[in-house]
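Here is the structure we will look at, set down as structure tokens.
Order of writing sets the labels: A, B and C. Residues in every chain begin at 1.
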């Protein structure tokens, strides 16, 4: 469904120096599959997501979606709409993800109209249908975003992403900013949506527990490079790369049952401060 | 002027207009509205025609017949003030409207396209910004002829950078928000995103600058009229009323004082209004950390 | 137990324009103890930290008493807050709390008189080394912009420790950090606390992290303490339905669950909740009585504020205010 090859991004720096955010990345995503990209800040995982989504032009490499090369940002209206029907994205911050002056219902209707649902009655029906699919009531669809909680807003963002029925959705830390109880709701919702629509997810996150819950395969990134990839069970249970092992060990142990594990005392010497940047 | 009333709710924590304005803001708003109303109703309110002379009663003091007295040719000062309000307030309104009409699209374009377009527009605006408005107006009047139209056009050009820069900064902050990126990913065109989504969200910030811009334009236009470059005597502009030096020389500063008071009152009220509107306005959320 | 280090009694905080954000908070900390405050958004955990620190927003009203080291704390900070002198604070965003134009060394030695600085230097260097920063001498000449978030947080911790506090108040100190950095910072906080016998009030949204670091945990919901217990007891035997649901809702890194046991609805703030238990509308065990009156916090070692709490191993009930 999605094939990425040799994807690379350099950000030019001052005095000819540049930083390599993503250093040649290959990945593929099958129909209905969920691939997680995990990494810490600076790993290049979000840059990767933004390049695949077309929000950022790659320095090199190819992004092929359903047989179409979409490596370059679409200029023409037809191309833009075509691309929109292939891939959508859900962002991290639920509070900035919606136009504050537009009700969720209006936002969904606007997007549907853009994608050729001209008939008013049909549009209203589709809006209600999308609302139901993500668990939003008719009243919530008519309220102002400011009246909705973070979880409800994220449901709206998911509904908006589903509107053009894309085969691929990129979720960029989409559940990271949510409270635990809400995160569980949204994680479940994403699973339901995937089961119902066979949508493939590219799931960007830093949270390994969430990866276990939602993903089929996982790709671990560090400083622009892929350090390890494979099925979730394999990578999380028998991490091969030292970095993955460190990442895995840094997660606080799940605290039920006996006295939770004490803090592991391995104060590591940090790298010396870099010269300037 | 009713533009200032179009108060949008804040982004995350909506505030009510009453809360934003406060007692000072409301007083200012009422004063400004009263001025506008007086100007609009001048033909009905003015007790005498604007240029009806009464050579037998020059420099008459306040009386029941002439509340504010008369000028050198016996014209009723109150009537002239009321009529003068029309150009004195209408002129700045035109200046602000014109600079908004050009500045908003310019600012949006710069913010949306970024890169070279943004840089080029910024340089052009810098140049305009560097030249004082009055100077542009003097040049315009020199090229064309003295009158309200060239003065208004010149000042509109001079005020353009304020509007464009405010718009650009506010729009730039919106452009990086995920809701705008989500719309881009939906395949929506830039024009539509700008007009339907970004503009409504920044309009409040931009319009909050209107009262102060209006006040500045009022002073600038009155100055130009005073210099004899904009509204021409015998028309009754507040600037013209002040510039009537013959009255001053003969020891009759009354009309200049009244016109000056009208200008000061309006400007102070507008400044307070602008102050209330800009204060406490949530600045568009800063760019989220990426990567 | 000797007199507690920090004693919070019946604290209520009202914010102008919003309403009550904390109600009936009663907690106590022994010296050298670490207490975790855990809750979701709106729980009021940061507001409680601010009340202790004297950093409540302007116009906020605070009722009740907060005693620190035996002395009552005023509502807000004054110029020289003697009572809060031995209270150190670590915030979520270290970068925002550092002057970008001040060198790290000047920041760390700011409160030391200039003449006393050379004598203090070895201690500072040792401490920087202690919090895991390499080449501390070079570090002193750096500006905040040149350092990563994790390093800045270590520097904040070092600066707090330099003042030799009796209690460190850490408000989500690792939330903005990566997992590996978080693990290191948490280890440092824990070690310094144990070495120096400092109390630690650790505020977090992360139950597991708090359980790992703290002796006791207080679970907050809608501005009230719902349950307080030793970390082990809380994890082994959560009694409040909210605590149980919160534990259950976390995804498990070890295994995939068929479905996460989510809690319906969304967290509310104290001012959004009615007369009864704030969690009742989301609670699957709620009975009619839950909606009418706020239950008392009942119990000593393991205190719960719930009418239908899972029964503990037979213990005293209705003991009144907890000492925790």
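Just so we're on the same page, a residue touches a chain if its C-beta (ideal position, glycine included) is under 8 Å from a C-beta of that chain, and two chains touch if they have at least 3 such contacts.
Everything numeric here is computed off the predicted structure, so don't read it as measured data.
Chemist: Determine the set of chains touching chain A that also touch chain B.
Modeler: Common contact partners of chain A and chain B, which must touch each of the two, are absent.
Chemist: Which two chains have the greatest number of C-beta pairs in contact?
Modeler: So the pair of chains linked by the most contacts is A-C.
Chemist: Calculate how many whole Å lie between the centre of chain A and the centre of chain B, each centre taken as the average of the chain's C-alpha atoms.
Modeler: About 47 Å, centre to centre.
Chemist: Could you work out how far the Cα centre of chain A sits from that of chain C, in whole Å?
Modeler: 31
Chemist: Could you state the distance in Å from the CA-based centre of chain B to that of chain C?
Modeler: About 52 Å separates the centre of chain B from that of chain C.
Chemist: Do you know which chain A residues sit against two or more other chains?
Modeler: 41
Chemist: Which of the residues in chain A end up touching chain C in this complex?
Modeler: Residues of chain A touching chain C: 40-41, 149-152, 179-185, 187-188, 191, 206-210, 212-213, 232, 236, 246-274, 276-277.
Chemist: What does chain C use to touch chain A in their complex?
Modeler: 40-41, 131-135, 138-139, 142, 146-147, 149-151, 154, 178-184, 186-188, 190-191, 205-209, 211-213, 231-232, 235-236, 245-247, 249-257, 259-264, 266-267, 282
Chemist: Mind pulling up the chain A residues that touch chain B in the complex?
Modeler: Interface residues on chain A, with respect to chain B: 21, 41-42, 44, 46-47, 50, 53-55, 74, 77, 80-85, 87-89, 91-93, 95-102, 110-111, 114-115, 146, 157, 160-161, 163-164.
Chemist: What part of chain B is in contact with chain A in the complex they form?
Modeler: Residue list for chain B touching chain A: 8-9, 11-12, 14, 177-179, 181-189, 196-197, 200-201, 285, 288, 290-291.
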